[in-house]
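Both complexes shown next keep subunit A, but they swap its partner, so subunit B is in the first and subunit C is in the second.
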Partner chain A sequence: MAMATTTDYIESAKKVRRPLPWPFAAPKGFGLAALPLAFLLFFFVLPVIILFVTSFFTARSFVIEPVWNIQNYVKILWAAGFWQATWVGLKNGVFTAFFSVVLSFPVAYYLVYRARTNVILYLVLLSWFSSYLVRVYAWRTILGTNGVINSFLLSTGIIDKPLEIILFSPFASVITLIHIMLPFALLILVSAMRDVKKEYLEAARDLGASGPAVLYKVILPMTYKGIVGSFMFSFILAAGDYVTPQLLGGREGVTSGLLIANQFRSSGNWPLGSAMAFVMMATFIIVYIVFVQILRLARVAPGRRYHG
Partner chain B sequence: MKKGRNDVGVQKARTADLLEDIMLDRRNFLFGTAAIAAGATLGAWVPQARAEVGGNLEIMAWEGYTLEKETEAWRKQHNMGVRAAIMSTQDDVTAKIVGDNAVRLDLAEYSNGYNAIYKELEVLKPVDVSNVPNYNKDDIYPPFYQGDMWYWDGTQWAIPWAWGLDTIVVNPELAGVEVKSYTDLLKPELTGKLAFLDNPLTVWPQIAKVTGYGEKFPNLTKDELADCFEKLKPYRDQTKVFASSNGDVISLFASGEIAACFCVWSAVPLETAKQNVKTVAVYPTEGGAVWADAWFIPKTSENIESAYAYVNQALEPEVQASVCKTAVCSTVSRKAPALMDETTRALFDYDNFDEQFKKMKIYGQPPRTSEQYATYDDWLQVWADFRQGF
Partner chain C sequence: MLRAYLSTYLFFLFAPIAMIVLFSFHSTPGLVFPMEGFSLRWYSELFANGNFVASLWNSVKVGIFTSIVTTILGTLAALALIRMRGSFRRVFELLNFMPIGLPGLFLGIALVTLFAEIGLPRSLVTVTIAHVLFTLPFFVETMRSRITYFDASLEEAARDLGASQFQTFRLVTIPILLPTIVGAAILTFALSFDEFIITVFVSGNDTTLPLFIWSMLRRTVDPSINAASVLALALSILVLAAGGLSMWMQRKRAVAARVAELEGE
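Let's turn to the complex of A and B:
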């Protein structure tokens, strides 16, 4: 076999295509992501930019007037009603997200490491086959004055008159939202936990870690992204929801989502509605930052665990 | 030997020829598909000459008010198809006909009070009443003939065709007290048993009446508006829930959650009766709230001839009587009560129409823009604040 000479090497090197410099070069396999990315750019990023620009305009009776100003944001800043409604939404979101993640975490653990079939997963996902409103009204039936819970408590003599506080209260909103969000939280956690191989857990036990230590030092840090994703996904959907609080939250069931919808639909004031939506988005980002910092302080964020 | 036409061989040959005939070569296929594509796409751009009643009619109306059943035979006769979209709020119609993205809508409804905003937005086509012969002074009750919600600047802009009352509805058994006026809703027996319906159209005028601003509504100053809702606070203390729709109120009555509703569809008792819950509509000393729906032809209308014919058909006494029965509302046609069944006719005292209607008033809406008065947006804000307890 003939040995390759330096000249051969130089010639072959010339034939190798050099990658185009950024921004002309696309990462390998980019084509697979190009279509959904283009969809998102066109149908999400672009409308969001338009909405953001609109939030600095004014409106007169459904007609937007492109006059630059910050009056919408100033108005929101001093609107106590908006902040009260936002606070109601944030509380709904935080409680819903917290309980959705806490309740679905052990189920995800069972499904990934213990269960031999996916029957439990399918049972949890079964609730998706009923409509959102049907589930809301079902909870009204369960929690109502003459509902399942009150009837049971009355018939067993535990109470002598129906509990009025369980329906048309923040409790009713949150329990219904947990029911709606739990499958989403569970799916994200299952997906994240499947990346934590069983061998890692066994290795930790072999090295002397107790059960709680495996959870705290291996599973939680390695499913960190799943936990954050699961929490934020549930939080954003629950905090922005205004139908469930309106139907089950009683007279305090007004969230900022309803105020935003009113601006777009009834008032025809798109600029003010847009500004409200961006203020609400800013509060969501603050919640995200706070939540991530809490996880870091609790030493379950991977950066702190691996390098601290 | 040449075979006869009835020979089996000929039959086979003919079948083959036929197959060959219907098989397309590439050129024919390309021409054909190009023609189909052109027809499908360009057809929509070709202006349609439509001088006669017929074709497709795009309408938007409240559920139960689309008249598809009542006009079925008539439409068949005129070869007319109706594509009806259901509006859940008036804003659904507004969204379709306002702005750069307005879409075709041949006929739609507006509720009382929306005349001002639609006039300002210039989305209405003038109505040529000669095309709606059923809309005439003799056949229509006076409040609905050329009233200022539908007729201004010497032009007819919409045709009112259905109306009704929203008022207090009570479950006497749960309430435990007699309700004759709005102040009765403040009795201790009703604490935590009252519902408000989230419907500005009829609830806001009632709020103004109850707090002493009935005569001024919808033109209240901002100070008057603040005072109005300050006076309303005792009613909030009585409230258990703010219902999202008439259906929601019915559900709340049926499940025994509420004993009274501040102002809701007067036909709620008929619906709760179906669920074996007795409720009654109370016409308080302050009076009920009148709503009225009118057909209008939006600027985006294309099939105008059919739109006119449809409105005229909606005013036929038989159609009016039928709609009043199915949608539990009242008629604008003098000839319709004679065709109604007893229950439908009993919804309003038609024999003393003028006298009875004198007590009522069809209200407009707060102005969308004003330096002098509280705007619709201001009302929306205080209404939201009221709900939150501010």
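Let's turn to the complex of A and C:
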């Protein structure tokens, strides 16, 4: 056999080195991403797909029959009870998100521009980690028939029998959900506001902007992403919650989240529950679109006007 | 005025929790002020309850396993994100973030459908899988600021100076990211320890602490709920405080080393 020539070597080296064409070449960092990617594909993407497929099946006496149909969706769209529950859930979400953001905004301002230490931020973080269930339970203790407020009002003689309306009402759900969401809403706002340097505010002041103008024309547009994030996070977690409505909401406080959870916990019509879950997600997306449009109309969204 | 508002805000956050702590030491079952006396009876009752002790231990186990798996997956994801560019990075980022952009309920029912489909019986294993899915986005988000400012040229410099790929990783990449990794791992434990919404759907016969508290909540008004709640709180706070302290000490040591270095010159 003839000895390989130099050109052969170069050719074979080229062959080895040549990168694979597009769909086969692994992008940079792929090797590292492989494991987490596999986990997410298998335990996140796949389950969501299965859930979606399930929503087109039917359940008969607790057995899922894989027959494609849209009965579940038809049933839901015509069920007044579901829409009633959806409405309660969306209201819970919107009220909670609105108050969480509005109440946290001044605190975020204080923490970013005024506070000298991080003590308050740590305190808020701490309350974020005080168990979710414990806080729901605390509110039940406060608002309950034999709870702190009623006992106080009874003992002072302001009322002569316990007020039932405080507990087991959408109001009880919302105040508890606000209490739960506040720390999270605040943290998102703080991290967004950290990007707005103090110098920008001073510059606006020096150029003659009033206090409200600084807020409206500098802080709000620059923290826009944080505001949307904070609102949507609180909204999704509050509107999709089923624990607070179950423990505090009473009969009028039943939400779509609770209906869905019940399908998967007790009565066991999983396909119907899956379909409800996708309808619920669709309503969340609508709320997101409406919210962003409202911010745009209120002209707090950053837009062309700043460059024109 | 802002300060007065701030106090009200903090009061609103902490008053309900403080109240539970107070009632956990109450000598009578009543949940009404004024309180009648101090006692530890609810705590001793709780520890006499085998179910409570078992669920507490289960929660610790799940928390530890979740932290280990999430730390490995999350660190790999973070290291990958440092190197990634373009649309693959955006897709990967989105995928890492999405699980917390959805209600916990949605994740719970999706996972339980998957487990039923592949025939995996519900146990602490499925609970751990669910917790990893739930905590991974928080882990990666915590690492994010560190990733954004990570100077990849440091790694290149080490390689140019003759370090092997593994040496670069061990001597350059990991030391830079370690404090953040430790913090994120502790956050993961605390989140897993508290998780309830998803856990309900994927747990089998073994309960975790939140599930135990939930079963008490639904049964009767048993004042040892207060004690159980306080213990759950105390453990989370303890873990977070330990984490905070270790990060603080690490930072202090790094600063001291730096000062010593400069003085030596």
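Quick notes on this structure:
One rule holds for everything that comes next: the second predicted complex is superposed on the first by the 240 of 308 C-alpha atoms of A that agree within 3 Å, B and C clash if a C-alpha of one lies under 4 Å from a C-alpha of the other, contacts with A are read in each partner's own complex, and residues count from 1 in each chain.
Please note the rule applied: a residue touches a chain if its C-beta (ideal position, glycine included) is under 8 Å from a C-beta of that chain, and two chains touch if they have at least 3 such contacts.
Keep in mind the model is a prediction, meaning the values are calculated, not measured.
Contacts of A:Arg265 after superposition on the shared chain: both subunit B and subunit C are touched. Between subunit B and subunit C, C contacts the larger number of subunit A residues. By the touch criterion defined above, A:Val63 reaches subunit B but does not reach subunit C.
Within the superposed three-chain model, A:Thr141 lies in touch with subunit B and with subunit C [touch as defined at top].
In the superposed model, A:Leu247 makes contact with both subunit B and subunit C. In the superposed model, A:Ile50 makes contact with subunit C only, not with subunit B.
In the superposition on chain A, the residues of subunit A contacting both subunit B and subunit C are 137, 140-141, 144, 146-147, 247, 265.
Residue ranges on subunit A touching subunit C, taken from their complex, read 27-33, 35-37, 39-40, 43-48, 50-51, 54, 103-104, 106-107, 109-110, 114, 120, 122-127, 129-135, 137-142, 144, 146-148, 151-152, 179, 182-183, 233, 236-237, 239-243, 247, 257, 260-261, 264-265, 270, 273-274, 277, 280-281.
Against subunit B, in their complex, subunit A makes its touches with residues 60-63, 79-81, 84-85, 88, 137, 140-141, 144-147, 164, 167-168, 246-247, 250-254, 258-259, 262, 265-269. Across the complex, subunit B meets subunit A through its residues 89, 91, 94-95, 98-99, 117, 120-121, 192, 198, 200, 236, 239-242, 244, 248, 251, 255-257, 368-369, 376-377, 380-381, 384-385, 387-390. On subunit C, the positions that touch subunit A within their shared complex are 2-3, 5-6, 9-10, 12-14, 16-17, 19-20, 23, 31-33, 72-74, 76-77, 79-86, 88-89, 92, 95-96, 98-99, 101-114, 117, 129, 132-133, 136, 190, 194, 196-197, 200-201, 210, 213-214, 217, 225, 229, 232-233, 236-237, 240, 244.
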